[in-house]
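What follows is a pair of complexes built around chain A, which joins chain B in one and chain C in the other.
What follows is the complex of A and B.
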């Protein structure tokens, strides 16, 4: 009886059965079952085979490249994403709406189109790449190119995470701080930054996770050279699947490790956020 | 208690309904308005050829039976196309870049054993070979494989670990080294190591490599399918030159009926007719026009202006067949990995 009462109290809002049913069905069909099959496939490898595969120089290097580049891209995205969101929220200027809409383009554009276009622009015969080449900087077919592609696909996550927080942050906070004599830098670090930090962490986590798993936009600009260390993990997985000896188990095993790493990182970020929010609330 | 039960029921019902919706949406009919749909799953560079051939075949089919047929083409990397068929892409026939990809469909049980002998000439109605495409003027003076290992030559070729076409490229170079160094394996590996050291960009597929060379202007020489190279020459006549090396490999793109699917779709006869018709004179000439070497010797000679027929061609049999070649060259830690990591 007691349990029923608790149940009753929980479901004051009608439609729990219906919406929960849809949620569970969709989660299972689209996420849980496919992910479980990845797990099942990779368990066909023995422990020794698994370890051997993960220690292969090209696999290790691909993880270093993917994670390193995704981290760098996420940090860049946080810096430029914050500035972008700031400009969009705090100032009025012609074309603001248009600019605001453009932020989402990387979501809408097929990643292969983005990849091919970026490669064309940033290779040493392209408009932007040519200028950099004169300075002795190569972009396409290096890790720098990979980072650029990841910045491109990751920026909307950061901007869209920060924007609503900045919008809710009244300008009076800054005015008050200014009247109390704080410098502009102090205002940013002591007043604004603590407010946007949780959102920034969320944006960072999303951009990072997206970058680590990215395939389409990275594949063209990276050049995929084991020698230059420009193979990303998703490329190594595709290699396993596209070669004459299709290797499902190997591909699934690498995918599993990638999945776990991304999960751990997202978890860590959420944990930091949780700690930080508790500290500010107390 | 009762309430909880009904809640559970409703949840389960909704889940079942959602599953049903997904499965219904996933179904598609093969026959629409009485017009039969027939699917040919092929690889990247055959796009233009099969577009033309399908028109030819549709006419032929109408003459024979008086019925319309809708021919569907699908193109992509040969290996991934084979995988898509294994995973359930409903292809009636496959026309892929190498026999090995069809063998993997056979191993999955969708194609009967002995498919290689089902049609003439190892089931290869047209062939191609591996050539070099260089920029007009040929500044780096590239005429044969040995010119590719010179300092400062930048090569574009796809990754043999993810592209079937790239395997042909590697084997052609290997064959050259073999003749050059009289089977001295150390010297041969050294040659290949130098060659792959000059590779600037390694794309994941043959079309990607062509894009890198032609559109993005990377590299001095593209190691390419002859048909792709000739197509690039046609599109940009002044900008490129085609170089045929002294030794190359006879690439035999194979065709086969996907028995399991054809049986299910009731298209076995059409499938046989579709592939047989590739060997007729009209179709052979069409292949020649699209820069594939017709397998019919007489018709091949008609195209002697287009193709350099003097090149010395080895075949995959010289490497003991694809299975052997994969084991020896492209498996993990095999010869390709060894020379590339040098």
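What follows is the complex of A and C.
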């Protein structure tokens, strides 16, 4: 019965073949075939060469730096993102509209501009860097700097993921819980948090994925020093394309690992979300 | 009771100094309980405003201040330098083409995904979103490996060039910059339209089709009015990302003054390292900041109008 319905539907609205053709053709030519070339290229290395490349200290360190900093930044973004979204949805205060409108600035601001600006701000001659330097804390050209850049580019993902959920969550829930005598913290953990958890997870995943692959905003503030462990994976790949001894195979191999990593992470997050949504639906 | 009505700071102090600790603690507890909602509210707003000022507003001011560090004259000189103008041109070309291509794709793909049922639909949707989750550096790399000197598609391109007598290069050229820009912005428009079309459903299109309307008429008369604002919104996001793209373009563009975009020009100026060139880098940056702010304003207008139209 259902099958017949679907078949009938197919035939009513025109344009299936055409839109399928255009979609698949464009997707293949612009995205899939070029990505397949990366795959093909990385297979030019033998298994032993591949393993040797991946075990190189600078490659391992780059992965540790990229993943570690992206994780830290994503967690920070979840905390600040939740607060920002909450404040923007629930409270009224002067300048709120402006704040709401500017949340997406990190999307719109070119990453290179963000990169050089944050670097100058947080270096020991910059407005914020100078203050921290007096406290003995260096930010620019350390991993802390990388995390700050990743927080900057990741914050809109979390805020924009949570905001619509909070808007739909009626304040009566919290009021009811409050009247039943729940403390504010209990209300947050038991009433609000379960509601925003799937959205928070989405925001976390997007911010994390963006952070791990980020290039423009990170490479200036990181200082790219192998000694200090501030090279990120994107930088190591780019180096293999730029330096005098170009190493396409190596670049492709590292890129492949990065690709697989991103996919596994996205898959994991979708999976957790799937389980979480099933649990709440039952 | 010890105190009634409003408790002033002096009263608090007196209570504390008189070593009426028990009463102090009790009163303080009452005060916190009664006002906890307000206190929490203003602490949270305080954190948000601080974050907002430090992370979002201060960087913008920093760009402007540094751009004008050497005075208006050198600011103007930096903006009208030959390399900057050439970079502006390449940036605009790449942005316009990327928005156009992705608009076509976004419309067709979202029509396909929301109006028809077919096998592998979920896989297709996931594939469309790939550019979101991968490093832009990989996008640049992918094109080098396809069309570059030792890329497998190089002979194909050479064959086409020979046959047509053209001289198209798909790496280290303006077309390469355009392709890389399209790659990183690929899902921007379809992603905005698909949710709108899902909520709209198919009934209207089906009715129109049954009454004999052609595909194009259905799209123009029925589907398009629903997605107008979503499309515009996606185009704005796409444009904003396109003119700011760095990593992907950096990999496939090597000729300053010819194939450089504005972000690449900023990188070159900044990396030159002298105080003058860094100021010039910020001067060029201020141009992009202006473009980014225009996009943000447009985005907010579209969002506002779109919401109003929904009602």
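Descriptive notes on the structure:
As a convention for this text, the second predicted complex is superposed on the first by the 257 of 282 C-alpha atoms of A that agree within 3 Å, B and C clash if a C-alpha of one lies under 4 Å from a C-alpha of the other, contacts with A are read in each partner's own complex, and residues count from 1 in each chain.
Following the convention adopted for this analysis, a residue touches a chain if its C-beta (ideal position, glycine included) is under 8 Å from a C-beta of that chain, and two chains touch if they have at least 3 such contacts.
From a predicted model like this one, the values you see are computed outputs, not experimental measurements.
Of the two partner chains, chain B and chain C are each touched by A:26.
Look at A:260: by the touch rule set out above, it reaches neither chain B nor chain C. Of the two partner chains placed around the shared chain by superposition, neither chain B nor chain C is touched by A:64. Of the two partner chains, both chain B and chain C are touched by A:238.
Looking at the shared chain after the overlay, A:120 reaches both chain B and chain C. By the touch criterion defined above, A:224 reaches chain B but does not reach chain C. When the two complexes are superposed, the chain touching more residues of chain A, out of chain B and chain C, is C. With both structures placed on the common chain, the touch criterion links A:268 to neither chain B nor chain C.
Residues 16, 18, 20, 22, 24, 26, 116, 120, 126, 220, 238, 241 of chain A are contacted both by chain B in one complex and by chain C in the other. For chain B in complex with chain A, the residues that touch the partner chain are 1, 3-4, 6-8, 10-15, 18-19, 22, 77, 79-80, 83, 86, 98, 100-101, 104, 159, 161-164, 167, 199-204, 208, 211-212, 215-218, 322, 326, 330-332, 340-341.
On the side of chain A, the complex with chain B involves touching residues 3-4, 7-8, 11, 16-18, 20-22, 24-26, 28-29, 56-57, 116, 119-120, 123-126, 140-141, 219-220, 223-227, 235, 238-239, 241-246. Across the complex, chain C meets chain A through its residues 36-37, 40-41, 44-45, 47-49, 51-52, 54-60, 62-63, 66, 101, 104-105, 108-109, 111-112, 115-118, 124, 127-128, 130-146, 148, 150-153, 179, 182-183, 186, 202, 205-206, 209-210, 214-215, 218-219, 237, 240-241, 243-247, 250-251, 262-264, 266-267, 270, 278, 281-282, 285, 288-289, 292-293, 295-297, 299-300. Interface residues of chain A facing chain C in the complex, by the touch rule stated above, are 6, 9-10, 12-16, 18-20, 22-24, 26-27, 30-35, 37-38, 40-41, 80, 83-84, 86-88, 91, 93, 95, 99, 101-114, 116-118, 120-121, 126-128, 151-152, 155, 184, 206, 209, 212-216, 220, 233-234, 237-238, 241, 248, 251-252, 255, 258-259, 262-263, 266.
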